[in-house]
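First the structure, then my questions, so here it is.
Labels run A, B, C and D following the written order; every chain starts at residue 1.
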Amino acid sequence: MERIEVKEIKQVELENPVLVEGLPGIGHVGKLVAEHMIDELGAEKIAEVYSSHFPPQVIVLANGLVRMVRSEFYAVKGEKQDLLILVGDHQSATNEGHYELTDAYLDIAKRHNVRRIYTLGGYGLGQLVEKPAVLGAVNNEALIEEMKQYGVLFKENEPGGGIVGASGLLLGLGGLAGIDAICLMGETSGYLVDPKSAQAVLSILCKALSIDINMQALEERAKDMEKIVARLREMEQTGMHEVASEEDLRYIR
Amino acid sequence: MERIEVKEIKQVELENPVLVEGLPGIGHVGKLVAEHMIDELGAEKIAEVYSSHFPPQVIVLANGLVRMVRSEFYAVKGEKQDLLILVGDHQSATNEGHYELTDAYLDIAKRHNVRRIYTLGGYGLGQLVEKPAVLGAVNNEALIEEMKQYGVLFKENEPGGGIVGASGLLLGLGGLAGIDAICLMGETSGYLVDPKSAQAVLSILCKALSIDINMQALEERAKDMEKIVARLREMEQTGMHEVASEEDLRYIR
Amino acid sequence: MERIEVKEIKQVELENPVLVEGLPGIGHVGKLVAEHMIDELGAEKIAEVYSSHFPPQVIVLANGLVRMVRSEFYAVKGEKQDLLILVGDHQSATNEGHYELTDAYLDIAKRHNVRRIYTLGGYGLGQLVEKPAVLGAVNNEALIEEMKQYGVLFKENEPGGGIVGASGLLLGLGGLAGIDAICLMGETSGYLVDPKSAQAVLSILCKALSIDINMQALEERAKDMEKIVARLREMEQTGMHEVASEEDLRYIR
Amino acid sequence: MERIEVKEIKQVELENPVLVEGLPGIGHVGKLVAEHMIDELGAEKIAEVYSSHFPPQVIVLANGLVRMVRSEFYAVKGEKQDLLILVGDHQSATNEGHYELTDAYLDIAKRHNVRRIYTLGGYGLGQLVEKPAVLGAVNNEALIEEMKQYGVLFKENEPGGGIVGASGLLLGLGGLAGIDAICLMGETSGYLVDPKSAQAVLSILCKALSIDINMQALEERAKDMEKIVARLREMEQTGMHEVASEEDLRYIR
């Protein structure tokens, strides 16, 4: 296996699509929004991305079937504009992997002549939020006014810690490649999968894309996702990672 | 030394063998079963795998002789089917190494026309288990019914944290290569080398392979293995790793 | 993206310039001095250095615009001598990256025929310092007497832990390349951005370069920088790194 | 800079020399013995090994002069046999680096037709030892009887955690290259630079090499080394690593 392998699933002709990225992150806000969009819009999977930069494990599905950790691109043709949607199981597990994977994502975007990128995420506040606002960051100053019209907040130097992972690097590396990109971050406690925050982000994204998406299923989807995440957290605490734990290696590192 | 080096020890002609993997992991269940099978079946070593992805150390044997950390392939010809058995000292110490080593293991499997893979491990519960069940995961849905007949349990989305290391990736990468693979996980506390869990796994594996293996020595073998593991744990806690500790480096990382 | 990419911003002809390095470190002393010099001397940016060895994130600027993490070279022509000034957002996030990035910095230095390097940093004492002294280290014994004339202290084997990162390696690798280099370290508590320590370092550097730099803005600049650093620290403690946190990966590593 | 660079300092003709390795480790026993031998025997430096696998820093010498972290080979011609002595500042800071550096050390050994290797280290007991014994490990069973004659102890499966770093890999990789190698480990508390343990190891090594080395300076040399190590430890605890700390990166990793 190469360090990154892209497997094309289906050939599609898209017209200057917009790319929406929703990989795992704080409150799983981006992932929740992107997966909801895929379902509601009936998007089709067009490519899978495998990489040795992902955690060295497989995912166990509901029926006991496993599959490799991967990212996936979905496509949907729309009235106003076509969409590419990027989701996945994990971010890179290595430092350089974040750069290399984002490069690979951008290569796919360029091949489809993507004209704009929205990356989605949560903005962790460490406490419950009644009415989550949506913060923005852009890689082209000209986008700020447009985003403000949709209700996006811009706070000076926020997030102060920068934007980590693919959601950040798609803006940075995308900018170097001449593609406009916006990061939308829904305020969230950061502790749970947050459907309220996801709804806030999705509302703004719908305005920006001039589309309409039913949000009813969002809360239930969040509950399902929370169950999975809770199990991960529990295992993290007990150190009981099934099967090949690194137990034997810990004393070396 | 290359990043991975395979040293052939003995040439054998096997007929579509089944590969059984038992590398170190939770409760050392897989390793215990695989080493027991090698002894009881009189399997012969056919290859050694060396890699700079393994921990940078040597193993000290009973007589004071040392050898490199490595994985080993054993072969045994059977009435019903031939077997390849993969055991080893350690899993990869690096993220990418898990992928590269599993690729190397699969290359050897393909060279021998392996038609099916069983990976063995423990499923850590964090508490003592009276009658350990054996959970399964597969890379081909068609295998589930067959496995259920042998008494394998399939629980929805379990293990929720996925299957880490070679036991998982052999299913994932094996599936991409078109090789059927099953992971058998014996329930275990996760704290000790667990002969009860190993016996549960081995019983099912024997049914699946239509072979008969005496299990009497399993308990004693577990005691021996526990002594070694206990010593490792102790050293881990005191930080007394003999000879070249990373003492000088700790303040940098 | 290559592992290191240098983007030339402006072509300049410099005459055997002196290179001053002020990348992030203890008390942000070096960074504070170097950024102050750029402003007060009106230095122009001539190159940007991007690298997958930097942390995988983007920086969010005051107006919500993001940019890639990077290092920057500034140039200014002077009466006494020309200056190259190296500043940046982060040091390398990987072990090898420190070596590779310093190599890249030295390549740029050599292309401009740099004849001497000053690297700037803080010397952490763990407690408040009323009158911070400036410690020195050199890669050529002949430099010690000259530095003592400017008030630089040389203490036997200090810093005992060596000099970590680009500030150290520019002396080490610079020496192998035949370029004289001096590290100036201002005593500091290590807890806050320290304008007193920066002033002490800058005073000595001005003497060494025979230039005059107004220090009035130094204290205010330190306050601004402290706000940013405090925000980083806070996020570090709460674990609330906006957007793509490594939350999902923590249980693996 | 390449990942490993060997700089030849002096050409020497040695006749099937014995290589003695004393890189940093538990109780700094190996390093203490090897540096003592270099001084007492008047060995000459013949090569320096630089590597981006070493910690990314420079060493500050007594007079404020810095130099790159490195390993060094010394040579001395003897009546009974010629010696090559390997010492250095640090072990590898990366997993693969241990393998790559040991390969490089072995390349130099092979170029000089080294016929035997002694690697030296401490065996940490976690408590004070009145009369330290010297444990042995070998890569060729035929060596055990000879070593016992010099007073080396062989304990079953000890050290149970294996031998980590160059002291172990020189035996493992050396064995694959057909070079006999012995690891001598002096019992030590593991907390301090231990001249008693060093004396025990050196006594046995002198017998094995049929040479005579004055041990008077050993205690004083240990005191000097302890001062340096104590300073490292102190800094490790306060987190005050001078100059370019990784402070800014910690919140990412």
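Here is the rule we use: contacts are C-beta pairs under 8 Å (C-beta built on N, C-alpha and C of every residue); 3 or more make two chains touch, one makes a residue touch a chain.
None of the values given here were measured: they were computed from a predicted structure.
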Give a one-word verdict, same or different, on whether chain A and chain B use largely identical residue numbers at their interface, taking over half shared as same. different
Among the chains here, which has the CA centroid at the largest distance from chain B's centroid? C
Chain A and chain D: spacing of chain centres that average the CA atoms, whole Å: 49
Averaging over Cα atoms per chain, report the distance between chain A and chain C in Å. 34
What parts of chain A, by residue number, touch at least two of the other chains? 55-57, 93, 161, 164, 232, 235-236, 241, 251-252
List the residues on chain C that touch chain D in their complex, please. 23-26, 30, 55-57, 89-93, 95-100, 103, 119, 121-126, 136-141, 144, 154-169, 171-173, 175-176, 183, 185, 190, 232-233, 235-236, 241
Tell me, which parts of chain A touch chain B in their complex? 1, 3, 50, 52-53, 55-69, 93-94, 228, 231-232, 235-236, 238-253
